[in-house]
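Below, each structure is written out as structure tokens.
Shared between the two complexes below is subunit A, which has subunit B as its partner in the first and subunit C in the second.
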Partner chain A sequence: MAQPLTTASVPTDIYGGDEVSALVLDAGYCQTRAGFAGEDVPKSVLPSFYGSIKDTNAASGSRNVFGEDYIFARPDFEVKNYMSRTESVVEDWDTAVQVWESMLLDRLQPERRQTQPSKNGLNDGADGEGDVSMEDAAASAENAENAEKPLAESPLLMTEAPWNQGKAREKAIEIAMENWGCPAFWLSRTPVCAAFAAGKASALVVDVGGANTSVTAVHDGMILKRSIQKSHVGGIWLSNQIRSMFDSNDPKIEVRPSYMIESKVPVDAGAPSQAILRKLNYELHPSFRAYEDERLLTEYKESVVEVWRGPGRYSNPGNEELVKTQPGRIFEMPDGSNQMWREQRFRVSEGMWDETAQLPTASEEERITKAQTVPELIRACLNAVDVDLRPNLLGNIVVTGGTSLLNGFNDRLNNELMAMYPGMRVKLHAAGLTTERRFGAWIGGSILASLGTFHQMWISKKEYEENGAGIVEKRCK
Partner chain B sequence: MSGQQGKWKEEQVLVICPGSQTTLAQLGCNELTLPSHRLPTRMFKDPDTDDYLPYHTYKRKKATAAANGGGDAAKPEDDDEFEYVEDRDSSEGAIYPIQKGRIVNMSAFLAFLDHVHQLLTTSYHNTPIVLMASPQWTRGDNEIIARFIFEKTKTPALCLMHSAFAAQYGLKWLNMTVVDIGYEKMDVSCVWDSNLVAHKSLDYFTPDLEAGGNVLTKQLHRLLKDKGFTLDMCEQLKKSPLAEVLPYVATAKNCMELPDEDVAAEASAQFAVEAPKINEPTIAASSTAVDGENGIDDKVADEGVLDVANIVTSGNTREFLAKKEKEKAERAKAKHRKAQEAEAAANRPARLPNAKRKTSLFHYEETVHEDVQVPLSNGAPKTETVAPPATNGDGAAAAEPTPKLEGDAAAAPAPPAPTAETVTDVLPFAPEATSSVTERRTKRIRKDIEVGLERFLFVDREYIDQIARLIYSTVQSIPELSKRPDCWNNIVFVGNGSRLRGLKENVLQTLISRYLISPSTATMFTSELPSNMATPTGTGSQTPTGSTSGSLPLGQMPLPTTSSVNPLLQAATTASLGVPGTATADAHASHQSHAQTPTSIKMAQLPNYLQDWSKAGYEEAHFLGALVAGRLVYCVHPGNDMADAQRLSSLSRVDYNEHGPKAIRKHCLMP
Partner chain C sequence: MTSHDVREMLNLPGEGGGPRPAKKQKTSIARQNLKGLAREVQNLGGDNPIAIVPEISSFKKRRFGSRKPAARWEMRPFRNSARGDESLILRHWRRKTDVQPPAAPQPEQQQNGQPDEDKMDADNGESKPEEMEDSSFAKFNVKVDVPQYSEDQYNSTLANNDWTKDETDYLMEAVRDYDLRWPIIWDRYDYQSKDGDASTDSNTAVVQARKARTLEDLKARYYEVAAKMMAVQRPVQYMNQAEYNLHEIMTSFKPEDEMRRKKFAEAQMGRSKEEAREEESLLLEVRRILARTEKFNQERRELYNRLDYPTTETTQDLSTFKTSNGLHTLLQNLMTADKSKKRKSLMGTDGQSTPASAGPSAQPGSTPLAEQRRESIAASASGHGHSRHDSTASATDARPEKPTKKGAQPPERRKLTEQEELTYGVSTHDRLPSGPTFRYDRINKILTTKSNAQHARITNTLNELDVPARLTMPTKAVVDQMEHLLVNIQTLLDLKKLSDKFDAEIKLEKAKKAEKDKAAGIVPQPAASESATKGSSNGDTAKENGAAKKDGKKAGGDAVTSSTEKPAAGHDANGDKDTPNKGDEQASAEKPAGESTGADEEKAAVKDAQDKDTTNGVKQEIGTGEEKEERPSSSGGQKRSASVLSSVSDKSAKRQKK
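After this line comes the complex of A and B, so read on.
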């Protein structure tokens, strides 16, 4: 029994934050993250995709379910997203509130009053199923005057995309203050948070996320508005490139997500699949199929796709020949068919850097221009800031976002920047831990909200009541 | 402050593992035994006050006329005409504070904790507590619990432990995937290097996705409703060895091969002939209590044991019971399980195994409670259950919550100690007792019912798929790819929902046939093998052979089945193959092994050095882990480097006084 005590007992809040029971909410197009300030990972991470089940009983004809566990093959089921694909800002506010409430109020449940009858479970014992967040929230909204609000003791820090509009910002503070009764609120831009997560107040933040890639200059904890650059070169764009590659492959590769497979049989590389397919006796909504495809492509991206590290472009003569002589990587589809990928796995990601190398896309909007490639975004961003700031920014480049985890991404970025800015000191900061890269903005928010010195920054409920929702524009610059 | 935390005796550590149905508890972690106490996790509202009571209590008119003097004296009396009766077995009006892992009724849960604490502890100030927490408990819950424990009890220290870690401590693997199938919920947690790296669950937050063992009981009930099965019967059938999950066959309808018609018919014919015999081994196994008939008629009240749930006393069984009483509750349970196995074993050689038979005989044991009323008694209350201390003097004494009896009572839902069975063979209903005393009787009636294929069909594919899907998506959601293989190779099923025969195997087969990445032929005999491996030569000496080839007959090549992965091929497909010749300064990327998972899926090997546990199964491994943790946290003297870790794994009263309930966030064994 000489088992040592494990790292499990090491405290989770490594940042030594002060004791504030603040909540941090970070909504992106692919995931929504929520957790307690001062912790190093968000406690609750849900996809921003949610399920909508046709339900004749519900007033709207359908009801929404949140969480990945719900997204599996079932009839009358549609997968939707409450965020905007192009902007990564909230599109469907009604659902956004539902998603956030299911995370903040139900899953985290920072406050539990034994005395409050609607919360202590005494009243919902009858049906045995427990209360559903939406009803709860609706109920609490109804008796807004008398009942205590669900987050009356928890300040809330939310992140937002740097290009978020004033209306949306006011809406956010309204929900926090009116619906949830937060005592304090703050809106912070994702690049600022990501910079904080890397321990910097000034940085050039390169955020390569799911739907978007953005490059923003942060100076002394403030974003430089004119420097914001954004393009849709992100995880989903890359998935579409992979689809395009699969289509042009010979033989054409069919994407069959695992929900279609009952069991698979090992087959030779390149041989057609012999899997036994599942028989579903109902129609599936195309959105579900698209979501499942995306899951599969994510696995492909994780295990096969690689970025040509440079120096120079992949299309430079000799590079492809070199790669062809190297060992490739095998990917087995859920249906058992498998194939070796060599040069293709470099080619598919090359479009991020070199618009001429991108594969044909389904629609014109998907195509990227030269200005939308990652190096050009950085160049445009730097050109929009004061010349004096540029050396400092180049020396403090923070790379964050899930898609930046592609193998070789940082090497390539480094090589591109060295070529673009010869003689300048270029230094990349990318967290080594996968979670820190994926949840960079959330972690920064967590640090910020737990700082004792941040107390004076919060917009308090009183200020909100005096000035109205407009205060967020004045304070959270 | 580390010196502050004195060391406690192992006998003094209180270990509590709450579940939504049953709570396992024990005082002392000096021996890694099976849990000594199984308590139903429920409380009852006091009808008069707002307090909670551990048992269903009701008021009734005193049966003065029927009672003899001795009984009267011992009875709890509060007024002249009424008495309060604790009904140990009734679940009427029960409040289950934990539902689907979540604490839905905190005040009832705290009252329950208090009840457990009072029931088990003898001295208060030196009994530290290890409390297992479900992943569904929120930070706020933990703080309330910590506060309650420190303010309402004299507990010196509290160690709150995550259930996945508890299972891990019990099974001692550093990296593992814990699949916890409970009553109505299911958790999958991936532990890597003792950190929780991924967790998903079907629980309170997914209200319309049903998970856990109870789904199966309902499913069985749906199938057998027409044959007159009650939910209780279904529950028993589910727990019996007859109900099982057939092996996964991808090609078959519903992915299982049901017993063939002919074979089944033959079997049942054979079966019918031998039917009478079938009970004999059981009766033998359940030892002396064969004297059913006179037992029923016997009206002589026995000692205190009478009050223990579901035990009918008879003159002849008295010594047996007295002896039995001394044995621990879990011993009795284990014995019963053995008896069941013996029964199964006795049945087996004679005819086909259960899985091959179309029909099978199910011995349903029913506990019948009846009020036998005598004209004298003026209004004994009509409730469905158990033995009030009406006529016997010791009954009231037995109502004191003594741990041992409690254990028995708690074990009742599973057919309890095989001690005093009144076996009435093959009768649809037992003859009503001929007794003429006003007394509540509990007796066990045995019915033999033929069950068809429903006993296999009730586990539908949806259920298995749900489990397999959750395991897959959880392990694959571990952010670091390099951690996934370890978690795939150590899958452990815990929770009593996974006890169902064949379930684990079927889930594993499903996972393998659906998700396993088999070694590809694309790398075979080509230059793509990693350079650090020898290329196979024609001599055969280095020809890659599967790890299973040793067990194959000579000359037979190992078949490329999914389970026997050729290690060389596996290395070739999974090794992290960097591209040489390019810039290698990828400090960021080098930590990722860049490959697809799972290339092998295995269940973790279970420890075999604990005999009791090996026999009973490791479904309750989290309790074992909590015992181990109790020792590590409270009793073992840590080395210098571990002192801090030990201090942070439990919250002492000193720390509590200094930091308040919030300290539980840091001082715990939670992720």
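After this line comes the complex of A and C, so read on.
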């Protein structure tokens, strides 16, 4: 009898999947994502920025709060990031552990916390904030000591930037094994994961993220180290370009995040804002302002900025005139001032492709050179791999990262590559869903960790104990 | 009512009584199957049961029907035998089987892989690990075989100046680690010489200098080692086919060739846009050429097929075609043969012409309109026929003009007499220019194609002849005559030019002769010279006459035919007629007078006129010499010719005037 297979009897083996309730953690400069392997979207996505509150009563210093919900205007509050801006690798390990624990333990496994009401913070009357996810460094250390290891049941797969150093990798496995007691651990590189998310074992991964843009060749599930190309052209660089554009605009446009606004009234396009600003009776740390500005600019990027699709550069004669004739986009600032953006929205993103078109930047290191533009990164990357691989790589270009969601990015990239490699088959693979593009590396990690054939790869706890932290260098190549 | 009943009513033979009961049974069976269908509706189908699949709407019933207890699932630990350590015990959800006691795997106890295993080992010694399931993916774990060698083997067979044993080991390790994925091996290859002692210092320095090994170097070394170790383990002559092939491939690896290939590949990648485009277009062209040859071949094949006449079984026996029925079948055969060859164009006209071809003989007025129109166009395009006549005449006459299209049955055609053709204005042409033209254009074309000077001369001549350059009534005959006239004028002018040239040459020769004579000291003889000039002029005129006669004959012939139809042109042509007639007269008069000489002279003159060569000057002199001798004997002829001469010279004087 041909009966439809129930979910119970469907052979998962045909997909090569074998779930072992693994966790996947993907840390970036702008966001940190964590979730269960086998799912298509990370359960928990937090900004890598965290709030540090100076304790007024205690000399101990500060306590940290994690998550967007806890970053709001308050006194003695500083916004920090545990990742390195230039490298996108962990800088502040202590905080990194806190952030990760708050995600992997509190957010992914809330029932675990409920068993320990004394620890979950709900009953702490002392701090009036009621931060459920707030993690006290001291408390967590205490936690690790007396309780059984919190992640003893779940293997953990972490991603890392391809240029990550051996020290950092060893530190990661140490934390996973010692602090959390993971039965198994694996460290995978983001380009490999992004390629897996696109269903490819060999690909040229163009990852245009928040702090960095990296281009890496992946062959058979391994990165080619010589091909790694990195540039700071990314979301934050683009924000700075927008700031520069705002400054040079006439009249100058003020970036006022919504926390500064008490109330606003609608005004005509181009008219100055008539909003009433909020008056704070305490001093705000500039980092908070910067964080809020960045959020506002991100919104601007998402809704206004567009990439000139080509062919040719935006600065070619005629292009700007053409754009001026086309309908622009209106963006209303939180203070109510609004304006139609036409050619400017193309100009800010042009520096990614054409270094001569970039707007003046505040600092010299913000400036990008020709070698740091996206097409040149790809060219350099391809030149660093074997000739035989190049056609295949060009035919399998995986575009990932949140900044690649800019309108027209893929068209432009395609045009640039076609011009650079005429006669070659250039094919871009960019996920259509925004989540898949933003969490490409995490999704790839999720796929990898749920594969049945992957189980032989894990570094087990025993292996770690036998070989020490150095095993990660030997195994996770 | 079944089909059987219908057959019975119509007295159709159909099937007998035999199969009937069987059928009935069948339908009854079908009816039983189809529940919920009205009997009347089912009867509509007759013998064949209606193809309706009864809808089953038991979706929900089934869902709630199985009230089995929910399947139990458990977290079951498993190990993976493909792992190096085997100690890792992971757990996944599996359906609980009844065989296993539910208490055996206790999730609470298995917090950690390590203690769990220990516990199990302690609990029930060897039985438990055996029970633990192995990952079904362990079988996918495959490793490459990397050649192994001992220290001695290395020293005896593998030693290489370029490679230390240490580095070779490193390479083999990398090959094993990266499963022979050469791009990765090359990418990660980072050999640091371990022995930094002084003795090998210079050596290592060299190695350091050329440490940047290319992918080809690595491959070459590996294949060398692998091939040698293969040969060590089993000598080449004992290898089986597969092994031998592998060995052969590895030994024949040439890094230089590989490098050259890569250089080419790189150059190919670095092509400019234009080069790429050119290559693309060339490829496209090649493809097109290939496609064309294919098409050509196909057409040729088709042609060959067509050349085979349609094989009808009746070709041998002609008697079958003697009846109209037989002919009809033949026609059908041919048509189907045509159709099978996809000759639609021929088929179309052929099929249509059969009924149409019978039409004209019966009732000439009912020609298809399209054909009539085409006829009139053709007539006006030719510029000869009278379109008004055509439209009435074409009904019968036009049909024969395209007999080729009639195919199998050529229609009857009535032969028109010359008189009829003239009255109907029918003319036949080899080729017609496309589209309608004005007759007048033909005259204009002759005039406009000439150079300005020539054009002026022609118009002068026409003026002289009192023929207006613009025809008042360009009927067909008039235009024809005008055309002839213009051609003749052209010839006349050409000859005139020639004669002028000859005159000049003769004058020159004479002057030369006079000079020569003077030099020789001979006293000039005026009489001789006079006669010479006379003779020469005579010869000239004779020549002229010959040409004029030739022209005149044509013109006269034309004039005869056209005289009735053209009042104006005919009159003008008369003026022209005078001279040729006279030429004729002269020729006829000369013949009887000096039969031998005159004819000869004239022949020579005509010949001269025809060969428009400069060498004629010489001939001319011979001609004049001849005349000198002959003149005395044929005085009468001369007299006559003199009279002619006067008129001709008259004419030439007239021409000179121009």
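A few points about this structure:
Just so it is clear, the second predicted complex is superposed on the first by the 417 of 477 C-alpha atoms of A that agree within 3 Å, B and C clash if a C-alpha of one lies under 4 Å from a C-alpha of the other, contacts with A are read in each partner's own complex, and residues count from 1 in each chain.
Keep this in mind: contacts are C-beta pairs under 8 Å (C-beta built on N, C-alpha and C of every residue); 3 or more make two chains touch, one makes a residue touch a chain.
Keep in mind that what you see is a predicted model, and the values were worked out from it rather than measured.
By the touch criterion stated above, A:302 is placed in contact with subunit B alone, subunit C being left untouched.
Touch criterion met: A:462 reaches subunit C, while subunit B stays clear of it.
Of the two partner chains, subunit C is the only one that A:225 touches; subunit B does not reach it.
In the superposition on chain A, A:102 contacts subunit B only, with no contact to subunit C. After overlaying the two complexes on the shared chain, residue contacts for A:392 are found with neither subunit B nor subunit C. Within the superposed three-chain model, A:422 lies in touch with subunit C and out of touch with subunit B [touch as defined at top]. For subunit A, the partner touching the most residues, choosing from subunit B and subunit C, is B. Of the two partner chains placed by superposition, only subunit C is touched by A:452; subunit B is not. With both structures placed on the common chain, the touch criterion links A:181 to subunit C but leaves subunit B unconnected.
Look at A:62: by the touch rule set out above, it reaches neither subunit B nor subunit C.
In the three-chain superposition model, subunit A touches both subunit B and subunit C at residues 8-9, 13, 19. Looking at the complex, you find that subunit A touches subunit C at residues 8-9, 13, 16, 18-21, 148-149, 152-153, 155, 181, 183-184, 219-220, 222, 224-227, 385-391, 419, 421-424, 451-453, 455-456, 458, 460-463, 477. By the touch rule above, subunit B contacts subunit A in their complex via residues 95-97, 99-100, 102-107, 138-141, 144, 162, 165, 169, 172, 193-196, 200-202, 204-209, 250-251, 255, 469-470, 472-473, 476, 479-481, 510, 513-515, 517-523, 527-528, 530, 560, 562, 573, 577, 579-583, 585-589, 591-592, 594-596, 628, 631-633, 636, 638, 642, 645-646, 648-649, 662, 665-666, 668-671. In the complex of the two chains, the subunit A residues touching subunit B come out as 1, 3-13, 19, 36, 43, 65, 67-70, 72, 102, 106-112, 114, 120-122, 124-125, 128-130, 132, 258, 261-264, 266, 268-270, 276, 299, 302-304, 306, 309-311, 322-323, 326-332, 334, 336, 338-340, 405, 407-411, 415, 430, 432, 434-435, 438.
On the side of subunit C, the complex with subunit A involves touching residues 71, 73, 80, 82-85, 87-93, 95, 111-114, 135-138, 140-141, 177-178, 181-184, 186-188, 215, 262, 265-266, 268-269, 271-273, 275-277, 279-280.
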